[in-house]
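Below, chain A partners chain B and then partners chain C, in two separate complexes.
The block that comes next holds the complex of A and B.
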């Protein structure tokens, strides 16, 4: 296990570095005009623009810049923001945001996981009954209706009927988090419902379940001790990944409810050509992705003893 | 009799306003801004955007400010004067004004030296990256030289610069703690108006010493020092900012809110939803919401639709005199056509832009007509007549709420005929293809462009010109202007200081600071002799007006002649001013309303009403305002 962990860690570092290097070099391929705002392009002379680029080291060859970037990275220096918050260290810009995203994300994950799995189990248990049809209708509705329409409905109903704040506020976190959390949970609940039902129905048709029933095990025991445990394995693989990705926030929900989280940061940074922020966020996302997959693998082995991470003749 | 009538009218208006006068005012104002307009810096000396200046103008005071008629009023300077026709300007600062931190703890007194530190920062290339330096460098002795000096210095040396070299080179002097003297390059009778613009704002020398140059570049709401009517007590990026009344503010006579909260929303639709639930005190309506409310008399807000006042920007059609095709070769047909005066005049007289203006203001499109290059309310002659009215008199146009008065179908058709004959003789074939660019992701701009295209078809005919709507992805400047692909642009210009030169100077020929004529119209690259001669004539008229420094009336009238020349030769075609519709609990006529500077969004002396104002209220506000102006 230790050997496997070390190997995966090494692979992960290489993967993250590769991703970051590719993004870094791609950003340097764009014309340098993109470092300036429209206003700056209007007001600065060619010489002034040249001077500014030179002062920021952006006229050096991409590989010199890359080497300098690695050097800064080794010193845990991610640079300063040029546009999102002019002159402010990137770590400071990100630091204030990821806790907000994570808090909302984890709450909605817990809600959707609980509701999704319970509803999925009930749908499987009462397959083709009224409750199953209602659950399926909900899943279809959530997936078929454009997300922004769903969010608008939640906003109008929540704000007008329940007098909830229309947007997130740091001065009223509890009440103002309700609508964003509901929106975040709606889609993922439907996802967990769909997959739990599907995996459970698959398991219910397997021979070992028929045998268990023939042996006289109660329906409850069959469902929870055997079916759910096996059906949960594929879901469990993505659980750590989902948890870690909550740090990344949700672009749509955060933008819609003005949540000051990570969700909009990457797109904002790209559109404003704030390269330091883009690189730092890419590092963060890539690291979270790699770590999430690794933890998912580990979690699967804990739930299903048949799965081995190191080779003993077969399996992964 | 006339006086009695005016008195009765005023009384009637006051009575009709009595209802609103007794309405409960807003004490904690909540407004919004879209997230695309989030602040990027708290350094008012660095900022060049309304998104920052609209907030920071409430936090930091400059030398002067404006009132709700646009007049200059004292700010940190109690009085100001020039004794030599505008060459040197003395500002006498008020005593006892405090710098405070964001929690209103006193940090230092505002002294004349703070203005030196502010200007040093602006002119130091390594500190302010050339932002906001153009006007001081054009106007003040030694400013450009100091900028060049800092440009040559190594970064660390430039960042470490104090005031010694600066005072030696630049025409600004702190005579004592409360007397500031500027020396201009030439007599500039309008220099005082620059005192309301952020390029001359102060920064405390003690704050700079505390933060250092790098710290000042990254200054945040909680490290900034304030001397304005509000301090920023909360700032959460892309969420909200809270301005709180500054208890130490020097001017105890003004009325302020206890707090102003600016909520950052994703779109105007969400802002409208928040206004409906009472979470906001004002909202500007987009076309869909406006039409929904306007067309439904039973709508709860139907009688609360209020027309906002025009923004300070004057929008024009900037014609491009050196256009290129996508392969980089010159667009000969277009370049030949646009250099022809009859062709340009066929646009000027032949285009009825009413439908286009309907895209700006769906209910009262003709309120947005703009027949001049300079925006109204910038300056007036001593008889109170607005500069723009002088221009209007010269070009023989008057605005009308009934018709688009510049439109003259017969004249337009005659010029079209003349242009076709003259241009055909030069080998130009018709229709002339013209390319107009809008951002591809901006559906509203695409719809507006379609209306413009239809206007060309209806007014000038497809046998004459064909407007091609083309799109850019992200940057008009990089993708369109640099490769010179557009046939014309529609741009707006708002003045930074109070003189017509700030408008007309943008359109002159062969001048370094002639921004629009060189960067957009590309007149410097044009080859048609008649066209160049017209531009030179216009430039000579501008120069002659600018040379008049001892008689403001004569100066403004001379500028009006120059502007009328430019318009009548259709070198640039004035198009519109921006007037939106809103639901609001704020009387816009009580706000600062200046055609230049950064003062318009100061949350001071605003007349408000928690219930929101009705359409009728606003009509009365406008009448009272105009009456008081007289």
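The block that comes next holds the complex of A and C.
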């Protein structure tokens, strides 16, 4: 197990490095004009711009820059922001943002996990009854209707009927977080419902459930003690992943409600060409993704002792 | 089947005179009978079609979808204004739906009816192109990825690298480096969209690749493409259809998200996302700016989603007969 973990970690580091290298080189393909604001482009002469770029080491060949970047990375230095907050270390810029995203994300994850699993269980228990059909209609709606439209509807209903703020504001965090959280949970609840129901229904047809029924266990006990426990295993695999990714924030929700979180930071950083922030965020996203998948596998072995990672590693 | 039909009588040593000759006679070799296996009445696609037609709600919804799709072309013609002749007009801003402007006007005083239908048409066109492209590329590469072991490592690594970066980064870089247009959007969505399909297909191929019939086929020297095409792909048809059916609504959704973020289509090619981005500041006060595009596009995506699901069920041979 230890050996496997080491091997897997090493592989993950290689993946993350590969990802960030690709993004690094892609960013260097853009013309250097992007490093300046429009105002600067008008004001500064070509010579001044040239000097500034040379001073920042941005005129060296991309590979020289890449190696310098690796060196900094080895010293755990992610550089400073150029455009978003000039001269501020990247870690500080990110530090201010990720808590905002994470709080919204974790609240909505908790809500949607609870609601999704409970509704999924109920749907499986009352399969083909009216409630089940309503639940299925809901999941179809969420999956088929473009998210942007769902969010817009939530916004209109929330703002017009319940008089909730339509923009996130730092002064009134609790009230202005309601609509973003509703949007986030609305979509992910549907996912948990769909999969819980699916796995439960699969599990319900198995022999050990029939045995449990024959023993005279109550339907509720069969559902929660036997079926749910087994049906939850495949769901658990994605749990750490989605938990970690809450740090990354949701791009659309954050932009839609003007939440100053990680999602907006990423697009801002790219469109304003703040390379060191983009690189740092990419490293963050990639490592969270890789780590999330790994933790998911570990969690699965903890819940279900029949699953072993070491033999599985070869077949995947 | 009778064993003797496979053997030509001439191959057997003819030992006359024993009692067995009276009881058993060699059957004559008949080609048609030798090839005869089971009921030939069964035709896969006819069966798919029959199963699909049996699903009444799905049939009705496919009619709704087709009519709406055709109407996106008709609507632009029957409206009072042509899309490409729209001019901003200060006197006409935020008119509620009326006789002349059937869907009202937007913040610049332009007719909303023609914009909504044009946008719906653009979104569907893009989604159809991207969906088909994604599936074609994904299926072909997924088949090879799953079947040829030496390529597995490469594609898995490629998948990890691409999948671990938010696509938004690539899309932004493309928007900055190449530009924004319908074609660029379609190509780049296909470029990043085929991977999940290919991964799905690869996992399915793993299930079938080492079944006995494939081993036998390989031993007999069947070529790679023939095995993939004739032996494995037929098993995957319902999965492929399902992915296509899900890909079109999700592409419409993704396009609208990207365009809303300013990374998708350019402002002059109105799509759902652009429309809603323009309306975002106003639809709290003028809900009709949201309701018309929302209802039309939702009906299109929901019907397509359900019809696709039903068709995919009909494609699954386990549901036949």
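As a working rule, the second predicted complex is superposed on the first by the 300 of 316 C-alpha atoms of A that agree within 3 Å, B and C clash if a C-alpha of one lies under 4 Å from a C-alpha of the other, contacts with A are read in each partner's own complex, and residues count from 1 in each chain.
As a working rule, a residue touches a chain if its C-beta (ideal position, glycine included) is under 8 Å from a C-beta of that chain, and two chains touch if they have at least 3 such contacts.
None of these values were measured; they are calculated from a predicted model.
Student: Kindly say whether there is room for both chain B and chain C on chain A in the superposition, answering fit or clash.
Tutor: Result for chain B and chain C: clash.
Student: Is A:90 touching the first partner chain B, the second partner chain C, both, or neither of them?
Tutor: neither
Student: Tell me the contact category for A:102 with respect to chain B and chain C: first, second, both or neither.
Tutor: A:102: touches no partner chain.
Student: Give one of first, second, both or neither to describe whether A:285 is in contact with chain B, with chain C, with both, or with none.
Tutor: second
Student: Which holds for A:122: it touches chain B only (first), chain C only (second), both, or neither?
Tutor: After superposition on chain A, A:122 lies in contact with neither partner.
Student: Could you tell me if A:270 is touching chain B, chain C, both of them or neither one (first, second, both, neither)?
Tutor: second
Student: Contact-wise, after the overlay, does A:155 reach chain B, chain C, both or neither (first, second, both, neither)?
Tutor: In the superposed model, A:155 contacts both chain B and chain C.
Student: Given the touch rule stated above, what does A:166 touch, chain B (first), chain C (second), both, or neither?
Tutor: both
Student: Name the contact category of A:255: first (chain B only), second (chain C only), both, or neither.
Tutor: After superposing on A, A:255 lies in contact with both chain B and chain C.
Student: With both structures aligned on chain A, tell me which stretch of chain C collides with chain B: 9-17, 153-161, 243-251 or 279-287.
Tutor: Clashing stretch: 279-287.
Student: Which chain A residues contact chain B in one complex and chain C in the other?
Tutor: 34, 155-156, 159-160, 166, 255-256, 271
Student: Contact residues on chain A for chain C in the complex?
Tutor: 15-16, 18-19, 22-23, 26-27, 29-30, 34, 140-141, 143-149, 152-153, 155-156, 159-160, 166, 248, 251-252, 255-256, 266-267, 270-271, 278, 282, 285-286, 289-290
Student: Taking the touch rule as given, give the residues of chain C at its contact with chain A in the complex, in rising order.
Tutor: Going through chain C, the ones touching chain A are 157, 160-161, 163-166, 168-169, 172-173, 176-177, 246, 249, 252-253, 256-257, 260-263, 272-273, 276, 280, 283-284, 287, 290, 293-294, 297-298, 301-302, 304-306.
Student: Taking the touch rule as given, give the residues of chain B at its contact with chain A in the complex, in rising order.
Tutor: Residues of chain B touching chain A: 35, 40-41, 43, 46, 48-49, 125-126, 129-131, 134, 151, 155, 214, 217-220, 234, 236-240, 263-266, 270, 273-274, 276-277, 279, 474-478, 482, 515, 519.
Student: Flag every residue of chain A that touches chain B in the complex, lowest number first.
Tutor: For chain A paired with chain B, touching residues are 31, 33-34, 38-44, 48, 51-52, 55, 80, 83-89, 96-97, 155-156, 159-160, 163, 165-171, 255-256, 258-260, 264, 271.
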